[in-house]
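There are two complexes below, and they share subunit A, which is joined by subunit B in the first and by subunit C in the second.
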Partner chain A sequence: MADWSGYLNLILQGALVTAQLTIYGSALALVAAFLAGMGRLAPWRAVRWLSTLYIEFFRGTSIYVQLFWAYFVLPFMGITLSPLAAGILALGLNVGAYAAEVVRGAILSVPRDQYEATVALNLTGAQRMRHVIVPQALPLMLPTFGNNAIELLKATAVVSLISLTDMTFQAQIVRAQTGNTLIPFAMILILYFAMALLISAGMRSLERRMTRGLDGVR
Partner chain B sequence: MEWDWNFVAEIMPTLLQGLRLTLLVTLLSAVVAAGLGLAFAILRRSENRLIAAPVGLVIEFIRGTPLLVQLYFIFYVLPDIGIVLPPLAAGVIGMGLHYATYTAEVYRAGIENVPRDQWEAARATNLTPRQTWIHVIVPQAVPPMIPALANYLIAMFKETPLLSAITVLELMNQAKSVANSSYRYIEPMTMVGMFFLAMSLVSVVILRWLEHRFGRLAK
Partner chain C sequence: MTAPIIRIKELDKSFGTLRVLDGLSFDVMPGEKLALIGPSGSGKTTILRILMTLETISGGHIEVCGEQLYHMQRNGREVPADAAHLHHMRRHIGMVFQHFNLFPHKSVLDNITLAPMLTKAEPRARAEARAMELLEMVGLADKARAMPSQLSGGQKQRVAIARALALQPRIMLFDEVTSALDPELVEEVLLVMKRLAAETDMTMLLVTHEMGFAHEFADRVLFFDKGRIVEQGPPDQIFRNPEHERTQTFLRKIIAAGHRV
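Presenting the complex of A and B:
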């Protein structure tokens, strides 16, 4: 029971890894979500099909199985990932698949006349998305993205099972070394909750920024 | 390393045994989540702030923290205060509790969809709060929400591998023990993935049917 500051330090180091995973995972998820979400609306059948396959596969199987697959099976195919890379890959692609449906739904909910107006103005497909559709669809996506980011934060706990030293893993070490169970676990529960609150507060302020100037439109 | 069908046939009985436990855990946790979620939803709407506020806080806290850590908490911390649970019970309670906070939100939406005049009519006929909930509100609030609840059933099914961390011998744990003793990871892990994918595809069909059967009552 002596060296509590050392154990505290250990858990805070774990918190850093958890934060890292959440941030990189979210970044990957965002990219995957936009690629797959727009891919499902693309005019080419092959792209639509591929996006649907990705979304259904990652939503249909468990994040845990995906993580183990990335960490244990890929090396047999000649791709060896560090635990951190495997964690980011599995978390990002998994949450990206859920968020892709959000992107698709939000883009579809932009009124039809907006599309017609871009055609009338002779915008190219890329210009239409960049300047007209996405700026209007983004505020609709943000609240759900916030939920997705919190889901991702919670899913990071699973990486402790592939020997990545995140917060949950460090708490297990503290438990093994001190024999005290309540303090490490209660502490990381509170830290996770604080991070979740931080994400939802950040998302709310982002939402306010994004919707500025859109008042008359919707 | 090559894919070996003979090995797949060899490990199949073990995996199917794990699958059976996975399904059992899912169903038991679903019952806990469905019941407890309704209780959460009703308590959170209580007029007594001393009940509503703490329940709201508990729900937010459970939703904001990882299921895995909650499972560890139930499995490792509770024995210190004298509550020793077998792994399966700890898993069912942990998962049921976690998903109850999600189903509570579903029930809330269902309850808010019950027209105001139903509440007023219940008051006019002098029903007690208990009678109002049991005979008027719940029978109207729950059926339209069945498809949404089934969605969480599928989500729970996909979370069951977490229970392997507290030594429940479900599908994932069986696959891991097979893989560890034979040093072959490709077949067991891929088969587990396939099982999950197959079950998800089946459940999507069932979900469509449920939406068809119950979704219309909402209108």
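Presenting the complex of A and C:
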């Protein structure tokens, strides 16, 4: 049994890589989502067009293909990324495209009354977004952002394809070396689930904090 | 002879094929208190929304404080106003809405200080001191830290009035400000507006179904029907002795519906 502690350690190291991918990927997805989601509502046609192109392209193509591009094709264009960076880039941009539609939808669902009040108070477009519209749209985005983050967590498994030693990759190593399938895969199943629970709990507490004081009627 | 603070000339407004304002012209003098009355759909709210630049116009001209609202000069030619010009013009005008439109995520105090701090770069301390004065005036100084959801409709509307006043506009627009309130809450809002009318020299345009209040508040009453002014004059004349048959019919209906005149 002494061997097992080493193998389990290997899987835990993989869990760390998975956590890194999830955290950095989510951060990139968040930035991409706000840029593209608000870009689709921008008063400039070129910005709207670019945002739509990004969203449709990354939603419309496979995460596998995007990952392979980031890692194997970009070097031909002179951009060489580490496996971790390529993974974060592909995951972040992919999930960001979905989340961009969440941002756009939430912003559009803030009542028109609120927009009119900002006009009457002579706020600029940027002030209106920053101080009035986005703070009210955020609580509406959070539940779906939670879904998106969990989707991203689960999608991290694909990075084993570019030789990144994430949790799934390590589980396969352990399986290959010990011949035991149940233990490594049961372990990563539990670990994925625990991480997803953590994301859900975090999102719920964020949501509670943000909706404090807001009208229940909305 | 002072010049009018608002000049509306040949104003047209259509929504699709529906003509809401039809070649409308009237002037408002500085400090004048104007009541706009008429059946719903007569275009009176649309006039306020156009003055607040919440709608576009279909034709005509509006001058506010001596400058064109929806037009500007470029290379000696008149062109439609751009966003910067509208921003420049809006500082003259404030508006109070039927449904208050307070920001639900901000405290009463922050609702009032937001615009002065952002648009006039007022330091927080000064904006808050001024906001407290305004809350004092509307009788809600003790609610400064409350959230809008904790207030009654009448209190919300008084906060909304304070919020609009914080920018010190020269013209205030009141769009059916008591229509969304429970009857027992109407009086507290009207009281605030009466004080405001008595104590300031602001120009005020009021769209209302409260005929008794319009009578007391206004220097001049404009009766609208189908996007045109049917009749206008001092409140005594319009309410006691209307010339036009449509005005008479409208006032009869309003009285029958239980409103005081």
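Just so it is clear, the second predicted complex is superposed on the first by the 214 of 218 C-alpha atoms of A that agree within 3 Å, B and C clash if a C-alpha of one lies under 4 Å from a C-alpha of the other, contacts with A are read in each partner's own complex, and residues count from 1 in each chain.
Criterion: contacts are C-beta pairs under 8 Å (C-beta built on N, C-alpha and C of every residue); 3 or more make two chains touch, one makes a residue touch a chain.
Predicted, not measured: the structure shown is a model, and the values here were computed from it.
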| item | value |
| --- | --- |
| Combined model on subunit A: subunit C and subunit B, fit or clash | fit |
| Touched partner set for A:117, first subunit B, second subunit C, both or neither | second |
| Which of subunit B and subunit C A:176 touches, first, second, both or neither | neither |
| Angle at the Cα centre of subunit A, taken between the Cα centres of subunit B and subunit C once the superposition is applied, in steps of 10 degrees | 110 |
| First, second, both or neither for A:46, with subunit B first and subunit C second | neither |
| Which superposed partner A:60 touches (first subunit B, second subunit C, both, neither) | first |
| Subunit B versus subunit C as contact partner of A:127, first or second or both or neither | second |
| First, second, both or neither for A:188, with subunit B first and subunit C second | first |
| Greater residue coverage of subunit A in the superposed arrangement, subunit B or subunit C | B |
| Distance of closest approach, subunit C and subunit B, by C-alpha atoms in Å | 27 |
| Shared subunit A surface residues [contacts with subunit B and with subunit C] | none |
| In the complex, subunit C residues that touch subunit A | 52-54, 83, 87, 90-91, 93-95, 97, 99, 101-105, 107, 114-115, 118-119, 147-149, 163-164, 167 |
| Interface residues, subunit A side, partner subunit B - complex | 57, 59-66, 68-69, 72-73, 76, 150, 153-158, 160-161, 168, 171-172, 175, 181-182, 185-186, 188-189, 192-193, 196-197 |
| Footprint of subunit A on subunit B - complex, ascending | 1, 61, 64-70, 72-73, 76-77, 80, 158-162, 165, 172, 176, 179, 185-186, 189-190, 192-193, 196-197, 200-201 |
| Touching residues (chain side subunit A, partner subunit C) in the complex | 113-114, 116-117, 119-125, 127, 131-132, 135-136, 213-216, 218 |
